[in-house]
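Read through the structures below before going on.
What follows is a pair of complexes built around chain A, which joins chain B in one and chain C in the other.
And now, the complex of A and B:
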């Protein structure tokens, strides 16, 4: 109920205007959306288009959406010390301790753009291979220890 | 505003509650507190009787609330803050009194700010209001009837606020540190605001969680893990001591568990050993599976023998051959000094030359201990089954012969002793697996052997015909007392050696993170 009402309003607003470098790809139900982002001001990511999959629970936006990068022929997974090669993102904003219900799909896209824009390390998180091979949990059930200084 | 609403314990008990934050807070700072006079106030703690016993105290929910209230009352005047604010400060500092006072004295304003208690907080109480032209940032509704904001000014409609709190409390189990829903806002939702927004079952759950947070935050407190049990245990044993102490505690609900890891009592094995052993058993479960089979062949006539009691003394129905279920050796040798069913003999004659032979030898060694470990676990269950059947038969007998109830109590005591001893024996095998050989190993194995023989002797008595049991009462009571005595000797010896660092256990000493 809350989720569909909120997502409906977000959709209306996104029709009017959307921050630069963000495109909505598939937003035709209230369970799963696809969004594309570009980060052209960082040479590491210049010219690439990255695809994000948002999965919403009925409790959205009180509960955080599940957000992952998805890979296909034209969309790679960006290389970043907080992004695993299977697309799982380690970002406190998406964790229940860091999520605020004031956030929305667009603000998450903007946050991920700025996370990529400020990155200088062309590397995956430590233990990426092991994690990708062994992880069977959904992103929301993983207890990340945030490597960032901020809580 | 009623200040008692804030802090959920309304009855600050006047009778002196002796558990105090001071002692453990000082531990955290590495201060030796032997010289702190009021430490001796721990009068409620049961004195330790044996080397393997630790001091502990069982706390009811009322005790826990009283402890919190007492600490809040004590500190409130020192901080010059009302009790409800003091309670919030305590929770913010995870009930670490030393750190709270330290930081507070250092920078009062910063501490108040961080705990969500800004200066003017007390001046005007929070309230629900309608704000014309307001749009809620959560549901995007325009002009909602009721809105709410704390002092930080992040305003939302009351429905969204309530749903947010419900999610935090019900789904995420948070209470003491729920933050404002505003993005990046660190203001803690205080209890006055909470009382305005939540009611009924949610309020109850919130209060329950507040109490839980207190126990979770205190290093000296742990919840009894028994299902539905409401008690917590107060024990001074610290994580860093767990290689040398095995702190088994006894809850008032009847559950015996380890204060270190909250698993079922596992004396004499230290927590780290237990963890390693259980992991090994889980990893090797397929290899070891065949062992738990209920049936074996008689070593003499090869007919199938089924084990249906706890006792290891098997008699073949067909050829009357008596043998030991564990080692398949002749039983008559088990009551004498020849008994070495418990000991693993390294086959020194044919030394393992290649890697394959080495790994086979390692497996054999593991299986020796695992088999005995698993057997005691299973036998404990079988003992219990037999006891329950016997008790039922005894009751029938009692009804027909008019024996009084008290006369069958010895069976209950025997059964309980068996359960306890088998649990201890079970863990002695995990212990022995990791125990490096030195001059004390012999003593450990002798103690193990003596206890095991005592246990098998007692276990065997349960297989006697029920109508003979009354006549065996004295013998059974003697055997029960002997089992208990052997168990105490084993645990005492091992605890002393462990504490003194005399036993070399091959387990990782540092904690995993």
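And now, the complex of A and C:
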């Protein structure tokens, strides 16, 4: 119940205005939302649209949502040293220990936009191929080691 | 009490709990009743039966059981929690609010029961909303006779429809689950009609009839609800007590600054609490944001919100 009430209110707020470059795509239930983001001020990502899938548990916002990039014909997975090519994101904000319940769907989108905007490396995380081939865990169950907090 | 009765009552209670968990509330109620015949000094037997009766929507029975349970044990959070729900369903929001507040007090005093605080807080808000709605209806009725008449007609229609369903359920032509669903459907249709009606009147007189939005400073940054028992952190931000405690139990950090923060460091924000209460007491327009449950969002209101 906590999650559905809170998400209902987030939706009301998002009716009014969303930060630039963020679009809501599918928010018709309280389990899974799709959001699109653009990062036009970084030449690495200019002109592309990335699709994010948010999955909420009943404990949201006390518990973090699960957030991944999803790929289809028109939406690639952005290239970034903290984003695996299967869409899994390594960001402390989305980890159990880094999540705070004052975050919301929009603020997560903004955080990911700024993570992309400040990136200069056109590369995947080290060990991307192995990770993508072998990983069977859901993002929330992976224990990432955060190498640096700068990105 | 004859020897062995206490034991027999305990056995019956356990059997009742099992039925309750299986969703057989009628069976549970019967077993708790037999347990009470064996031992009428155990407050838990009464609250358990009240809980079963709550599921069966036997509101008066819930009230009786809760009062008996409180008679045996005064500091009885569960009894007041169940009592408030029944009183709310019986349309006695003042009594319900006072019971819910008692449950909340008992809950915050007891360190082991903080898990319940979030549910009780939600119930307190629900009672406040019900109280406010009755007052608001009176206000609107005084202002606009036509609107009042139309609302009354809608309410009569609704009550008749509910009565019909109850009759059918009592006669057994409609099942309990089916009937409950039908009643929920009728309720939401009726609420929507009242809302639409008020919308129509509000458009013609926005100054007095418009919905009010709860200002951000009265809203808990975690649940996005108006606060009932705000507490302030070291950096000066306030949150609803029950929700920030849920967060701190998982991660002892300030939600905004990530600095270490312990539950004992929270302080009540009395002035803010009063501001929240005063906002709900204020009698102009209807409060947009204190809905309970999954309120549909309605973009039509954007232009009417006043701050």
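Some observations on this one:
What we mean here is this: the second predicted complex is superposed on the first by the 148 of 151 C-alpha atoms of A that agree within 3 Å, B and C clash if a C-alpha of one lies under 4 Å from a C-alpha of the other, contacts with A are read in each partner's own complex, and residues count from 1 in each chain.
Basically, contacts are C-beta pairs under 8 Å (C-beta built on N, C-alpha and C of every residue); 3 or more make two chains touch, one makes a residue touch a chain.
Being a predicted model, the structure only gives us computed values, none of them experimental.
Superposition note: with chain A as the common reference, chain B and chain C are in steric clash. Touch criterion not met for A:25: it reaches neither chain B nor chain C. In the superposition on chain A, A:100 contacts both chain B and chain C.
With both structures placed on the common chain, the touch criterion links A:61 to chain B and to chain C.
Looking at the shared chain after the overlay, A:15 reaches chain C, while chain B stays out of its contact range.
In the superposition on chain A, A:4 makes contact with chain C only, while chain B stays out of contact range. Once the two structures are overlaid, the count of chain A residues touched is higher for C than for its counterpart among chain B and chain C. Superposing the two complexes on chain A places one of the chain B stretches 24-32, 186-194 or 240-248 into chain C: stretch 186-194. According to the touch criterion, the shared surface of chain A, contacted by chain B in one complex and chain C in the other, consists of residues 2, 5-6, 9-10, 61-63, 96, 100-102.
Residues 1-2, 4-6, 8-12, 15-16, 30, 61-63, 96-97, 99-102 of chain A touch chain C in their complex. Considering their complex, residues 118, 122, 221-225, 243, 246-247, 250-251, 253, 255-256, 258, 289, 293-295, 297, 299, 302 of chain C touch chain A.
Across the interface of their complex, chain B is touched by residues 2, 5-6, 9-10, 59, 61-63, 96, 100-103 of chain A.
Of all residues in chain B, only 137-140, 154, 160, 163-164, 167, 171-172, 181-185 touch chain A in the complex they form.
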